[in-house]
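In the part that follows, the structures are each spelled out as structure tokens.
Two complexes are shown next, each including chain A; its partner changes from chain B in the first to chain C in the second.
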Partner chain A sequence: MKKMSAAKVKIKERKMRNQPSSVQFPSRENNPRNGGDTPVTGGSGSNAPSDIQQSTERQTKPQHRGGWVRGHQKDGGSYAKEIPKYISGGGFAMARAAEVRAMLKAVNKTTASCHVFEALPKHMRRRAMSHNIKRLPRRLRDTANRLREKSLQAGSKKKEQTKAKGKSRKARRRHGNLLLEFNRRQRKNVWLETHIWHAKRFHMVKKWGYCLGDRPTCKCYRPCYRAMSTHCLLQDLSYYCCIELQGEEEKLLAALSQLTSKQAGPTFAAALCLSGQRQGSVVVYRAGQYPSQVLGPVTFIWKPCTHGSTHRQLWIWAHPSIKQDLLPELQSVCQCCEAVVPPVVPVVTPAEVTPTTEPELKPEKAPKPAQSHRTKRKRSCKDACEPPAKKILGDGTRSHSTPVTWRSSSTGIVINDLTMEIVRYRLIGPQSHTVLAETLEAATDCNALDKSQPSPLWWPEHCKDESKMNLHKQQADIFNILKDIYSTGELPAGTVLGLAVDDPRLTLPSKKVKALPCVKQTEEVDEEKRRELMLRGVPKNCCQSFLWEQSVRDNVTDNKISEQELNRMRSEVLVPGSRLSPTPLQGRVPVLLVHQPGKQVGHEMSSWGAGWDLLLPKGWGMAFWVPLVYRGVRVGGLNMSLKHSQNKGTPHFPHDYPDCPAGVRFQEEQETELLDNFKRRPPAKRTNYVKHGCLAPFCCPWQQLAEEWELITMEEREERKSESQTETTTHTDTVMEQEMTSQPNIGETKPQSFFTVLRNRKSLKLLSGWCRPTTSKGQRFCRIGQVPLPDSSAVRLFLTEHRMSVVWVRLSLLSKGKPELHAMVCVPLTEDLKLLSNKSDCSGPQEPLHKNHFKTRAKHKKKGSNKTAAASSLSPEKTEAEGSAEPNLPVAAKDPKSSSESSTGLIFGLWPDPLPSVTSHCSRVTLGWVTQGDFSLSAGCGEALGFVSVAGLLSTILSQPTEYRGIVLLRNPTSLHYRLAKINIEV
Partner chain B sequence: MSSIPLAAPLHADSASPAVEMDPVEYTLRKRLPRKLPKRRNDVYVNMKTDFRAQLARCQKLLEGGGHREICVHGLGLAINRAINIALQLQASSQGALQLAANTSTVELVDDLEPEDPDEAGEPMTRTRNNSAIHIKVFYPDPQ
Partner chain C sequence: MVRVKSRYLLCEITVSDRSQLLQLDDRAVATAVRAAVARTHGDYGAAQCVIGFSVKYLNAHTGIVFLRFPKRCYRLLWSALPFITCIETRGHKIPCVLNCLHVGGTIRTCQKFLIKYNTQQLHQMLPKCKNDEEKQQVRKAILTCSLPGSNRKESEEDFESEEDEEE
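Our next item is the complex of A and B:
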């Protein structure tokens, strides 16, 4: 109550701040004649005594009035007091004058909170009034003007304090200044060449040292999905890092073979990839550590070999988050430790670069402008005549002296870091080749006059060479055949096509038009060619591209026609809007087209999401981006790549690689982010994960899961062993016993082993067959791959190999439900499976609500905070009580010391750090967790991708009846409802 | 597609000679059949969608869609279903609809990927043929 009254006083005080609180006549009691001497007191400090004063004043005021307004007062007080016998005119007038002045002041002065506009009624207020004073009614203009000046002064003062000089917007937007500003902003995080385009349309995130578009600001989730499945979705993947390896073929292969294993699929040495016809993809491990210590997935392209030469060139494309692990590993494997320090090269004017220079390893030119501009910035105020800073192409964050090349004296292998040197665009969708065919045009030959004279540009030099032109004609033919193909998925996966194309800005349509396929009945010859392309892909010699050569790349980058120049040339064309008739000589670009396979695993939606990657030399990014966008493609961000891989059923990097360092780093980041989000809510509004029985809503403890399932299988085996010992030993039992005797030995030899993700193709296939694969909603069982249940010995053999493994699975929900991130995959009980048989309600069982033991503990903690001795004695009891309630708590949690430690960092709604047994915490045994879950637009039901423990999965499958084999339960962390789902392992 | 034990020797391609293949060494991956531009009154029948839904779609095209004729296509296993749909349409129209069936052969492409990723094992591509049916369901002209 006291507080309330205080608040009221405050409010009143604020209201009355500028009002003259009283008109005082200090001598009113005894000498009214002198009353006007001190007329008004500013009542700024209105406290209790002054209130009293006021009230007394009000009572006294009628006294004076009573002098000449007689008898009309209602309050009797005036009559009660004695009326003065006489008044002096001067004193009276002065007193009145003081009153009038106070009144006028009160009327004129606005309270501080009241803005001028607030004096206006609502219907007369206009938004533009704040900057155009003439919109105000006349009577308010003066005050508004005064206010504005005051605020301007204050603002300028503030600016002077914070910023020395505030440049005008016009000055800031001037081209040179804008470039300087942009260069400054990309010193920390690399900008892609399409950054400005993206920043206008996307939510940008800073990730892995880059500024990347996450998702478009417009609502287009479904249109983007539709583009992926029916037309074309465009993405800028230039942030992927390219590492170039050069050297003898055998030495390269010998070095690289240490990083991969044949068991996990094709390696760097796969025949078709080695010839340069196909792009390959592998999962890279640390040298010689195959099942453990994963680094991450990479794709690679070999440069097609030239005749008789064993010197090869290889590009490895990797995600930026594994580059820091991959590069040292490659260096150690290739024994490349000598960093070639880039020599300081004088600034080369573009035309001087001759295309005939050897492909020697030149230093990157990108950092130079960045450095030069830094010094320029300081001088820029003095000499404005200096040309503006150069646009940064490539990596702006790397310092000038950082080596990008490493050479080995023993093996002769050269490693070259080509990060940001090559622009990579990805087109996803069945119509992506149509978009490409419409955007790009094979480079036109240059005329005889240009051929005759030597040129600094690469293309005229190439035109002189007959064999090179023949090759170009072949490539152009193949590119033209692409138009006759209806869907991108018809081509062999991973096909590579090299090409030289004209500047696509020349054929830019004036309006955005959707590229549509035009499949017509072709002639017999073309038909034959098309068939050949579909069956065999691009012939070997056509995979060659001049993009592989550094000198050509640099030449093309340096000699790009600027947008301004191009527009000038366009304006000089006779017929407006027509094509520039002789294509300018600089307008030829070598590109590389790489086909990306679509969905390859599983039985349905095959080749969904296939597309093409377009590789360009740096600096040409926007020149190709805008023409592509003008062909009616949708543009997607990081979010869409995640959805793309989810629909394809493939693990997405780094989200779904929990065993590699980049994946671990990602998980930690994700955990802190989710935890921060969670903690931002008030405790009463949080999901209580303790009550939901969800131990790890933010980060999945894979290691603990694998260890626990290993323990469970061991116990089962021991039980069985004791049973079998009582029985007479049969043949199978002896086999079992052999297994069992060998099993503990393995466990002893490897006491500390980390969990792995199962990537062995053969084992995956076996496991997939045992799960009884079905179609996505589980309606129909696939005719192929039906494998009878394995006998126990086979399972045991399998388990000895992969006892600490988790396996990538796809789960499709049988009825309702949308799985979310970190949903639990659980083993159904037999009565849960019975729910499935009666079709009317197969919604799934419920998890009983768990008890929150930490709530009481937290209370105790609060009480015991002042008496610490009592708290320490209390904690063991509590854990005792907890232990009795939850028999599954492991020993670690029962340890009073650890529990008391954990309760110090207690977050309401979350389990403290030493987690109890994750498998047996709920009423259903946990198998694994979901790492990607959403409603799948392609399957039309909820779909989840995640990992389950191999041991757990096998024991589940073995115990289930045949018709329900592979059925599991799925529960979201925020829900108590289990949903039935079908497990599919797709290889 | 999962591995199929390929017991019989397969003729890999017309150009390359018949190769004896180890049954476990190759994985068979079927590519999608070649798509052709589709008109509004073309119905491609598959085995994944519910039969009733496909039938309803055809009926909608004929009655609500204002098409005088529709074309029902079926490939391989779906031939049966295509015929079934066409006959159902005819029966439900009390003889107003007529059918005209055509058969054809569609060339399909399979990829054979070597299971043992050795330098020797090259992935192969083979073509095989499958039957298809195209049934024209139409209202006969009044005369």
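Our next item is the complex of A and C:
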């Protein structure tokens, strides 16, 4: 209050400062002081003048007080001292003059505020005046200038405290500075070569140490799907890590065989892959640990062997999130522990270092003035800032001294980390070969003149070698046949084709065009060749590519023609827009085309989503990217690769690998992210997962699931055993059963065994047959899959092998519904299956609403600090929990106590940490959870992919009648409605 | 615009003996006006005079008064002004007449008028001067009747003072 009034007084004072106050002799103050009503008359009182003088003196000190006008005191002192007896003309004039001055001052000064803009009438005010003083009338400019300076000073004062002012936008966008800024930003997360292109069009995410495009900013989910299924979708997969292994074939195979198992499919030693004709894919385990301790899926390509030599080269392509686990494992397996420091081995250049001799290597084709200008600018840039602005190619986060090569003295194997050394683009879709054929052109031969003289470039050297040219011709022929193929999926999966191509920038169309398959009828000879290609794939010798050679790669990378140079050459062409001829010598690039298999599992939509991978030497990324985009492909991000694998029905890494370390890490990240999203809502607006009976909406407790199902099967077994004691059993069975019965005791004492994902081919096939495979919508049965119901002994045998396993399944909904992430897969009751038979309503059962025991507890927590009261209030809840009669009595009863201790972390709507039994929490027994669920555009119904417990699945199948075998229930975490779905295991 | 509107009367107090003028103060003028209004217009007029009436400025040397009246009734109040014949102050009755020079909507217009009026008066005084001394004084007064070039300096001072206040 006081302050407020003080401020008001201050404002008023400021307002009235220039206003003249009354000019009069102070009488009121004098009167009380004189102590009476004795009039201070003008002529009589001798003390009156002194009084007046006193008061005037007093008033000079506080300037703002009323009374005498200041102007009067300065010069009109002569008459102010006393009331004069007579009046003179001069005095009268002086008084008038003083008054005029006071008035003038009042009139000239605005009262309200001293902003210059307010001095202007409203219709003359302009917004830009506050920035540009010259817009003000001239008479006001001075004051405005002063004001501005003052405010600038104040601003600079503030800014000095926080931060110095940055450069102007123009300066920042200058090429050299921009490059420096980009390099600085690349230090933390690696940028792909197409980063800038992506950053303009995609939502970027920082993942696995890279900046990656997640999804396009435009709405193109369906167009992307359409591109995948009918035309071509392009993705930049350069973030995949390539690890190169070199060494003797036997030693390499011996080392690598420890990482894989034949039971899970073909290994590194598969004959077709080993010849270099095919790309292979395996799931890698820690050495000798199969089936537990999985690392993750990798793909690999062998370099085709050169005649007779046993020295082989192998590229292993792995996801960046498993590289940190895979690389040490490979090193230990190959006994490669000697890190080779990059400078020691000249062959291996670390990613960041590009040779300083680049200008010398560059052909001196550029006209002199342009070059000198360029160098000058570069130099000035260098002067300005210490590190020279050089575009980072490859991994910018890695320091120079980090070893990328490891050598083994005992086995002779060399491991080379080629991360970011090779650009990898993926084209998905049936027309991807058309796009490739239109974009790429087999390298043209160079003329005799170039051949005759030695060249620093790789291509002229190669042209000299007859055998190499022959090989190139064969490869070019095969590449030309590719155009005539109807669909990319017709080719054998994993075909590899090496090629040398021209710089695709030279044939860049002026407009974006859609690459269409050529419809012309090909001749008979071509037909023959085409069939050969489709059946056998690329012949062995044509898989050779010079991309495998480090020296060629570096040569190509260093000698790339810059965009600027190319444009200059184009501008010098006689006919504008015509093709550059002859092709500049630097414009030949060795590439490797690797066919990517489409949908291989299941019985329908086979080879959906097949495509080609294009491997390029680093530095050429954008040179190939833009021409590809100009052929009418869609570009997808991480989101699309997830959808791709979802439609293919394959597990996507690292989302669907809950048993490998990268998958576990991913799940944790996902959980925190989802939980954050959840917590951001106010409690009243959250989904109450407790009431929905959803125990784990954000993270699936696979381990707990596997353990519980193991326990359940064991109980069942014991019951059955006690019933059928007299039954004659084979010797092996009894042994097994003894094992089983003895297991509970062991289970408690022995250390935890971790759950595994079932990847054994044989077992998967068996299980798949038992599930009665159907088409995706579950209408038709597949004839091939008709397998009779297994007898109990076979099941028992199966279970002993995979008692702690979960299995990857595809669930397709029979009616409507869209499964979501972490939806529950449950066992249907017999009456649920009856619902299926009457077609009228096929909607499925409902889950009764659960009680939220935690609500009351939270209230109590708020209310009482009294602990005894809280403890007593717990008991009715306990009975309640028991009343809600699930078979998990002990756990449920135990739960409140334990959770009450840890209730500090109680989040409304979520179960606190020690979960009760996950399987039997709801009215239907839980089998597993969904890790990917969406409406499938390819199947036309809701489709989910997820894991279910093997034990649970088997017991479900066994108890179901034949016609309903493999029917399960699916419930989203946010809903109470169960949907019927058909389970399919696809091998 | 929405505001309380009033009229400002710029009046000159004319007295027979100019030395008596110096004894005037604003309260005395105000009471005199109120008394005159009450006399001529009764209780109604007195009531009108309670709100919105004030003496904004009084210069005892020149006898200039700014009176503020509410706009709605200023004519009524104005009509009472001629009935003021004397102002009682400090126990003296000063016989005087209020001569209205200007009616303005804002103090500012009154001030502007006053500047014009005063300079005009001074200029009229100059030829009528009796002796040289007086003439000199009047001439000097006329010369000081402006704010020559001090405009800028003062404004600077203002800014500085403002800064001080802000800090």
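Heads up, the rule we're going with is that the second predicted complex is superposed on the first by the 722 of 987 C-alpha atoms of A that agree within 3 Å, B and C clash if a C-alpha of one lies under 4 Å from a C-alpha of the other, contacts with A are read in each partner's own complex, and residues count from 1 in each chain.
Note that a residue touches a chain if its C-beta (ideal position, glycine included) is under 8 Å from a C-beta of that chain, and two chains touch if they have at least 3 such contacts.
Every value quoted in this text rests on a predicted model; they were computed, and no experiment measured them.
In the superposed model, A:269 makes contact with chain B only, not with chain C. When the shared chain is aligned, no partner comes close enough to touch A:699: not chain B, not chain C.
Between chain B and chain C, it is C that contacts the larger number of residues in chain A.
In the superposed model, A:143 lies in contact with chain C only, and not with chain B. Of the two partner chains placed by superposition, only chain B is touched by A:768; chain C is not. In the superposed model, A:101 makes contact with chain C only, not with chain B. Legend: residue contacts after superposition of the two complexes on their common chain; A:10 is shown touching chain C, with no touch to chain B. Legend: residue contacts after superposition of the two complexes on their common chain; A:93 is shown touching chain C, with no touch to chain B.
Per the touch definition, chain B reaches chain A in the complex via residues 1-4, 13, 29-32, 34-37, 48, 109, 111, 114-123, 125, 127.
For chain A in complex with chain B, the touching residues are 262, 265-267, 269-272, 274, 486-487, 489-490, 492-493, 517, 519, 534-536, 600, 603-604, 606-607, 761, 765, 768-769, 773, 775, 782, 784-785, 987. Residue ranges of chain C in contact with chain A, taken from their complex: 18-20, 22-27, 55, 57-62, 64, 89-92, 107-108, 111-112, 114-115, 118-119, 121-122, 125, 129-130, 133-134, 136-138, 140-142, 144-147, 151-152, 154-156, 158-159, 162-163, 165. Listed in rising order, the residues of chain A touching chain C in the complex are 10, 14, 19-25, 27-28, 37, 39-42, 72, 75-76, 79, 83-101, 103-108, 114, 142-143, 146-147, 150.
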